[in-house]
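This is the structure I want to talk about, given as C-alpha cells.
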Amino acid sequence: MYMKVTAKSHSLQRAADFHVILPYHDGYPDGNPPYPTLYLLTGYSGNAEEILFTLPLRQMSALYGIAVVVPDGENLFYTDHPERATCMGQYAGDELVRITRRLFPCLSHRQDQTYIGGISMGGYGAVVLGLHYRNTFSRFALFSPSVEPDRLLSGEKQDVEGAVPASLFDSLLGGSEVYTTSRRHNPVRAVEACVAEGKPLPDIWMCCGEQDLLVGDSCSRFRETLLRAGANLLWESGPGGHDLVYWDRHLENAFRFLAGCV
Amino acid sequence: MYMKVTAKSHSLQRAADFHVILPYHDGYPDGNPPYPTLYLLTGYSGNAEEILFTLPLRQMSALYGIAVVVPDGENLFYTDHPERATCMGQYAGDELVRITRRLFPCLSHRQDQTYIGGISMGGYGAVVLGLHYRNTFSRFALFSPSVEPDRLLSGEKQDVEGAVPASLFDSLLGGSEVYTTSRRHNPVRAVEACVAEGKPLPDIWMCCGEQDLLVGDSCSRFRETLLRAGANLLWESGPGGHDLVYWDRHLENAFRFLAGCV
Amino acid sequence: MYMKVTAKSHSLQRAADFHVILPYHDGYPDGNPPYPTLYLLTGYSGNAEEILFTLPLRQMSALYGIAVVVPDGENLFYTDHPERATCMGQYAGDELVRITRRLFPCLSHRQDQTYIGGISMGGYGAVVLGLHYRNTFSRFALFSPSVEPDRLLSGEKQDVEGAVPASLFDSLLGGSEVYTTSRRHNPVRAVEACVAEGKPLPDIWMCCGEQDLLVGDSCSRFRETLLRAGANLLWESGPGGHDLVYWDRHLENAFRFLAGCV
Amino acid sequence: MYMKVTAKSHSLQRAADFHVILPYHDGYPDGNPPYPTLYLLTGYSGNAEEILFTLPLRQMSALYGIAVVVPDGENLFYTDHPERATCMGQYAGDELVRITRRLFPCLSHRQDQTYIGGISMGGYGAVVLGLHYRNTFSRFALFSPSVEPDRLLSGEKQDVEGAVPASLFDSLLGGSEVYTTSRRHNPVRAVEACVAEGKPLPDIWMCCGEQDLLVGDSCSRFRETLLRAGANLLWESGPGGHDLVYWDRHLENAFRFLAGCV
C-alpha cells in the first residue's frame, strides 16, 4: 500500500510532500497493526521519490512488516532555521511523526517500534535528529552516513565525486565555532551528551562501503565513538562506494536489524 | 490535506489509484473528525486527476468540512464483469469505501455522513451504486448524470459532441433485454425497487444545464421519476452545457446541499 | 496534456519537480506548435500542485493555446543563495526555461511568446526575474504580487492574515541596506534600471483585490511606478481579498491578456 | 530524468497515465539524443508505478543510455476491444509510440533503436504486439512471458500462486476457436506468420526462473518454437520463481542485450 501525501507543515510554513508505504499489498492489512515505522531520510541532491524509485522499499516493507515514511530533505542537512521559516530538522524528526501518526492510526506510537534512518546526509540527519528526539526513536539504520559534516564540508573532500559545497558548513551548520560544541549538529557531541545524562543509546545499524571516499573515514571514526560509548552497534562494510548499488545491496540487512531478526 | 493512494483492489484484481482530500489545510485536523465523506465518480473519458485539476474540490472540502474520495472510472459505466476480473461497480461503491475507512479512521462510518456523487457517467454510477449499496450512502450529488444510458448509447445521441460509442450498451450494460428490467443498471428500476420495498430514497441534489444536448432530456425525465417516487430532490438547471464550466459553477451548491446548508 | 517532471537542477543541486501543461487534450497537438509558454510562480506557503488543483489552468491552457509551466517556489522569494547551494531565482527564471525548452521542443523559444507570471510572492518573483532575465520574457501576469517585500516583511504587516515572518527580509533579501539599491531584489529599482538603459518594459497585466490588506497598497504604489515609467499596463482590481477565490475569478483575464485578446 | 504523463488516448477513449525515464540525471542530456527506447509492459495485477518502484529502471536507463516508457496494462492482455472502446494493444503497441515520439523528439524514431519488453502478461504483450507492429520494434526483452495464455487461463494453472481467472481466456482472447489460429493473439502463430512471409524475426532476450510454475513450461516450449524459426535468441534461466526478485536479478542483462553489449 503506497501513498503520496501533501500536507502543510508548520515547521516549513508550506505544503510538503511525503511518501508512506504500509506493509501490505492490497487495500486491507493482512498483518496486525499498529505497524513499526521507519522514518527514512534522503541524502544530498536526492529527493524522496528518487529513493522510492531506486530502492525496493515496498518489498522490504511487506516482507518485514514495517511501514516506511520518506520526506524530502532538500539539501538542508536537517537543520532548523526559524529566521528563514525553514525548520527541516524539526519537520523530519518531530512534526512528520506527529502528522503521520495522526493521519494513519495504524502506525505504532511506541518508541520501541519507531525507527529513524537515512542515507548519506540523511544518515547524518538520522543520528542528530534521532538523538535530539530521543524519546521518539529506538533504532537507527544508517547507510553511509555523513557523520562528520565538518570534514565533508570543509574543503578537504571537495575533489571527491559527490562532494557538497563547503559553504554549507557555515550557512547551514553555523560554522566550526557553533558546530564544535553543538549537540544538535555534531553527532559526537550528541552521543556524549546522551551518555553523560545516563540515557541509553539507541540500537544502531550502520553500513559503509570499503571504497567510500566521501564518508568512509568518518564512518570508521564514528564507529569507534559509538563503541567507546557502549552503543549496541551492528556494523557492515564490504566492497562498494558511496552509491545506490551499495545501499541496495545492504537494504535488506537494515530491515532485518529493524525487525529484530539479527 | 491531499493524498494519492495506490492500493491493490480485489474487485479489479490489480493496483488502482484513488485520491483523498481531507477537510483541513495543514497536517493537523482543525475540525472534528470523523468527517462526512463524499465518494465522487468521474465521467466517461475523464480520470480522477483531471477532476482534481479542474474543479476546486480542495477549497470545497475545507470550506464545508467534507472529505472527498475520487477513484478512476475507466469508461466502464461502473458495471461488474467478474468474467473479465473487472468489477468497477463493486470497487467504487463498496470496496473503496471499506479501504478508505480502514486506512483513514478519521472518515465517518455513519450512513448519514456518507455521500456519493458523480459527473455525467459518474452521476449515473452514483445513482445505481448509491441505490445498490443503499445502506452505505444517504445523499447523492448528481452533476448532469447520464441516467438513461440506453438512450445515450443507443445511437440516438451519436451525433452530439461528447457522444459515447453505442456498442458499450451491449458490451457493458448487457443490451436492452437485460437493461430494461435490471435494478442494478437501470436507474428507474432501481428507484422503483427501492419504493416497492418501502425503503426511503436518499436525499438527492441534481443539476443539468439548459443547453445540455447529451443528457438534458434524460435528467428531466429522471427528475419526474424521482418526484413521482416522493424523493427529496433539490434540482438546479440554469444556462450551460455538458462541460466543466457548468459543473464548476454549480459545485459549491452541491457541497452546500451535502453539508445540510440548504 | 499534463506532465509532472522530476529533474536534477544545477541551480538547486538537487532533484526538483515541476509541472507542464501543454495546450491540447489528447496525445496529439491539434494546435500549431511551438506554443507560447507561461512560467507561473507560486506564492508563499503554496506549492505547484496546490495551484494546479486550485486554479483551472488546464482549461485556460487549452482555451488560449498557451503552455503553462509551474515549479515549486519553497518560500524563498526567488532569491539566489549560492552559499546554501539554493539559487531558486536562477532556477525559476533561467534554468527551468532552458530545461523545458530542451525537453519539449514544442515550447516556443521566442521572447514574444514567453511569459512569466505569479501569485503573491510568485508575482514578486515574476517581476524581479522577468526584468533580470529581460531577454527571455515579454509579458508579465501578476496576481496580487507582493512587490514591496520590504514592507511585507518589515513587521508592519505582521498582524494581517497570511503574514510572512519578518526575519525573511534579512535572511533571504539581505536586509534594507542591500535591498534599497538592489535591482535584482527591489522591483522599483529593477524598473528604473530598465528605463535608464533605454530598454523597453514588458507588457504587464496586474490584478489586486480591493480588500487585499496584505499587498493592496503595495500594488497601488507599484502601479504608479509602472505608469510613470511608461509601461504598457493593464490593471484590474474589483472586490476580493488575498485569496484563491479572487485569483480564480481573474485567471481568464490574465490568459486573455497573454494571448493578445485584449 | 523522470516524467509522469497524463494524455488522452484515442485507443482507450480516455486519459491514461504513462511514465517516461530519459537516460540522464539532471535537466540536460549528457548523452547524444536521439535515445534508443524500450517500451516496457507490466504484468497482470501490476501497474506501471509498481514496476518503477520495484525495479531499478532509472539506474539501468542512465547506465545503458536507453529511454524507458511504461504504460499501465490493466489486466487486459494487451487485447483490442473496440466494442468496449478499449484497445489496449493498439494503445501500447502503436499509439503510445506515436504520442511519446511526438512529445519527446529526443526519442529515436528508428526501428533498430526501438524495443519492446514486458513482464509476465506484459511479456506476452511484447511478443504479440512486437510482431503485430513489426516495423516499429527490433528487439524484445521478455521477462517470464506468459506466452501460452491458453494454458495459463485454461484452468490447468488455477492452483498455482499468481494464477489469473480462466474466464479471461474467453472474455479477452476470444476463446480457443479464435485463439488457435489468431496471429494477433497466439505467439506461435505470430512467429509462424512472420517466417512464412519471409520477414526477419526480431532479436529476442528471454528469461524464466527454474522454479517458475506459472509459465516455466510455456517459456521452454516457446524457446523451442523460436529456435526452430531461426530466431536470434538469448535465453537465460537460473534459480528463481515468478516474482520481482527474479526479474530484478536479470534486469541488467536485459539492458545489456538491448544496448548491444552481448
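Labels for the chains are A, B, C and D, by order of writing; each one numbers its residues from 1.
Here is the rule we go by: contacts are C-beta pairs under 8 Å (C-beta built on N, C-alpha and C of every residue); 3 or more make two chains touch, one makes a residue touch a chain.
Note that the structure is predicted; figures quoted are calculated from it, not measured.
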Farthest from chain D by Cα centre, which chain is it? Let me know.
C
Suppose each chain is reduced to the average of its Cα coordinates; what separation in Å results between chain A and chain D?
37
What whole-number Å value describes the gap between the mean CA coordinates of chain A and chain B?
43
Would you mind listing the residues of chain A that make contact with two or more other chains?
2, 6, 8, 49-50
Building nodes from the protein chains and edges from chain pairs that touch, which of line, ring, star, complete or other describes the result?
complete
In their shared complex, chain D is touched by residues of chain C numbered 1-10, 22, 25-29, 95, 98-99, 102-106
Chain D-touching residues of chain A, taken from the complex the two chains share
2, 49-50, 52-54, 56-59, 244-245, 248
Which part of chain A faces chain C closely enough to touch in the complex?
6, 8, 12-17, 44-47, 49-50, 74-75, 81-86, 164-165, 167-168, 170-172
